[in-house]
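Both of the next two complexes hold chain A, though its partner changes from chain B to chain C.
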Partner chain A sequence: MHVPDGFINAPVSVATGVVAATGVAVALRGARRELDDATAPLAGVTAAFVFGAQMLNFPVAAGTSGHLLGGALAAILVGPYTGVLVVSVVLAVQALLFADGGLTALGTNITIMAIVTAIIGYGVFKAGLAILPKKRSSVPVAAFAGAFLSVPASAISFTAIYAIGGTTDIPLGEMLLAMTGVHLLIGVGEALITAVTVSSAVAVRPDLVYGARGLVKPLLINGTAEEATA
Partner chain B sequence: MGAGHAHALYVRRDSVVHRLPPHCKIVATVGFVLAVAITPRHEVWAFAAYALLLAGVTVVARIPFGTVLRRMVIEIPFVAFAFFLPFVARGERVEVLGLALSVDGLWGAFGILAKGTLGVVASILLAATTEPRTLLLGVERLGLPPLLTQIATFMFRYLDVVADELRRMRIARAARGFEARDLRDAKVLARSLGALFLRCFERGERVHLAMLSRGYDGAMPVLAEVGASRRQWALSAALPAAAGLVAAAAWMAVWTLR
Partner chain C sequence: MKTITTKAFLAAGLLVALVLAGLVSYYASGSPDGLEKVATDQGFDAGAKDHAGAEWPLADYGVSGVGDERLSGGLSGVIGVAVTLALGGGLFWVVRGRRAESRD
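And then the complex of A and B:
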């Protein structure tokens, strides 16, 4: 969920704004390494993709539906730095034009939905790849873990920001439990979609998937990949 | 890419607000939202004043009120959250219709609803009076890194294409009798997303090469220079200035009452 205006008080909003700006500045430098001269066009098309992917609602349970955050997915597909940029741009455009998420909460939204999801999602993904056997079929498994943990991590970081600068006094322990619980469930959906998206991308164009670079030996894995993925 | 380039959010009118340079409007919107954000939530009249200011802008910009109201449905998820606050927040309680509600929670819910709604309406007005393309030009003029605005520009150019691809896939799924019912169906949707990513990215590569061959050097040429005169700045400053006054008055009221 995008944080609206009025949720987090002004000083903390400014502080998260500084965190977000720093994160985006670091990502700007890093992204040039990931995509070289084609950074802007390819990051732009990925941003449009994330925007589109967020429009795709999937049913969670009993009438409720959720949509993708996309932070972990973007980080795995185009690299963590570009991923942060892509999701930040999506969030900024949503706040400016689509009134989705408040303008004063933009720093908070970028911090929890772009930076935290990319760091946790990609970090867990990389750690997973290091543990799992060096095969292409490991990629979706690691992507599942990364995406799954990125959602509750985002929820926990929101709770932490709320604990410092929340505008209403809610029992924080219960809020943390509720937020984490709900988002573990949402995380399953996020993880499933991320893993299948990554696996179908890896199956066709492994060279395009940033997170799978270095593992590409398509001829060796042909045939065995299908069984191991499921 | 046969789709029209004017975006659905933009409401084509000829008004003072439409003619203002985009960066002035962005600064005005952000200024307004900031003033709203720092206003103490117990001063209910201040929020009524803000709403009147926005209504004034809506009239001047000749945007139909119905359009603004219809677009406000985006708010519904956080309205739901605000609804829970009076039940879960701590502190002093009051009896309302036989339910013990937290006073702080009620104020919290009011604050979120009021500030959130004002923010939403301000963004809706900005989007309705400014074309996305010029809006991005405005953001760039405000000194944001060009790489960021370029990503946003490309995103906008591809957005309709992506939406079309998605719709094509949805029709294809529906033609094969697919209907998303529970979480297990997420797999089918995710396969579509995988295909969507590849189609998008490959198109992006193709377009990038085509751009390179036409002389793209990492920056988009600026076709129409959007400068702002002092008068235009002054005009666009009216909204945030008025909002600033309201915020200041609200704080004055809080301090004098103590």
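And then the complex of A and C:
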């Protein structure tokens, strides 16, 4: 999904740059409440994990591949604000070191792959948890749904940006249909990777999974950060 | 209840990241991704420009000067994981609030 230079014109690239900078600034403020001495290193490892997982393009249809975006995964593991920052760091490293994703497109890429995926992914995840039985095994199911929908949401947000600032004159209806269709398929891969990862983390340390916290509360004693398990 | 220490949990996550980036990435699909495919099919890739860093030492997930494709790609992946961990870890350490003193 990494947008190269030249897809989006200069004025709209500046505008998405402002959107991305604003989103990252809001995320920096919000992340203060999500991160402490224990979870800050976890967020660093989550970023490293998303970087590694993004290298694994999986085939989705004839001659087409997809890879994890990771916004939903990061938001569920370390919190939605921190999740935006996790994917933003990954995208910055990719654009500035590996020449993957355009330099002028970095704002667009952070907007569609970090901000949109974290908001939609975490929003759907929380909605899923609200509907599902209040137990730990619901977490990967809700994670699956959030991750799945985060990918077409990202593709649709790219199409919307392209509609405003795209550098070619192509039929937008067809583009929307094609982008949504292929990214629904990629979303299945995103959902599987996210559900397996979240499920593994919840199996060994549910207390470290941000999105599962409400479900391990019974052992929490009056605001003590430590969980009463060994 | 199964538990492992936080350190072991972090080490396991990092190990998986390194294995994915350093070893498994060689077997990743080389097909264009969803955006590239749709852009080519529909012709909106016409405006695409080459990345200014196309000749950078790590461009396109390879280490320039390393001939072996598996080694070059794997090494670039390991470097990427390390850099991302350092940058992300540093950022999150600076950003973290001090729970013990200022709990909501």
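Everything that follows uses one rule, which is that the second predicted complex is superposed on the first by the 203 of 230 C-alpha atoms of A that agree within 3 Å, B and C clash if a C-alpha of one lies under 4 Å from a C-alpha of the other, contacts with A are read in each partner's own complex, and residues count from 1 in each chain.
Assume a contact is a pair of C-beta atoms (placed from the backbone, for glycine too) under 8 Å apart; a residue touches a chain by one contact, two chains touch by 3 or more.
None of the values given here were measured: they were computed from a predicted structure.
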| item | value |
| --- | --- |
| Fit or clash - chain C, chain B, common chain A | clash |
| Touching partner for A:M179 - first (chain B), second (chain C), both, neither | second |
| Chain B versus chain C as contact partner of A:V24, first or second or both or neither | first |
| Which of chain B and chain C A:A72 touches, first, second, both or neither | neither |
| First, second, both or neither for A:A10, with chain B first and chain C second | first |
| Contacts of A:T168 with chain B and chain C, given as first, second, both or neither | both |
| Chain B versus chain C as contact partner of A:V198, first or second or both or neither | first |
| First, second, both or neither for A:V89, with chain B first and chain C second | both |
| Chain B versus chain C as contact partner of A:G189, first or second or both or neither | first |
| Chain B versus chain C as contact partner of A:I115, first or second or both or neither | neither |
| Stretch of chain B, among 147-155, 183-191 or 237-245, that runs into chain C once the two complexes are superposed | 147-155 |
| Set intersection of chain A contacts, chain C complex versus chain B complex | 1, 4-7, 28, 31, 37-49, 51-53, 55-56, 58-60, 85-86, 89-90, 92-93, 96-100, 102-103, 167-168, 170-171, 174-175, 201, 204-205, 208 |
| In the complex with chain B, residue positions of chain A that touch it | 1, 4-7, 10, 13, 24, 28, 31, 37-49, 51-53, 55-56, 58-61, 68, 77, 85-86, 88-90, 92-93, 95-100, 102-104, 167-171, 174-175, 188-189, 192-201, 204-205, 208 |
| Contact footprint of chain A on chain B as seen in their complex | 9, 26, 29-30, 33-34, 36-38, 41, 71-72, 74-75, 77-78, 81, 85, 88-91, 104-105, 107-109, 111-116, 118-124, 126-127, 132, 135, 139, 145, 147-148, 150-159, 161-163, 165-166, 180-183, 185-187, 189-198, 200-205, 207-208, 211, 218 |
| Chain C contact footprint on chain A (complex, rising order) | 1-7, 28, 31-33, 35-53, 55-60, 63-67, 82, 85-86, 89-90, 92-94, 96-100, 102-103, 155, 158, 162, 166-168, 170-171, 174-175, 178-179, 182-183, 185-186, 201, 203-205, 208, 223, 225, 229-230 |
| Contact footprint of chain A on chain C as seen in their complex | 1-4, 6, 9-10, 13-14, 16-21, 24-25, 28-35, 37-39, 41-54, 56, 58-61, 76-77, 79-85, 87-93, 95-100, 103-104 |
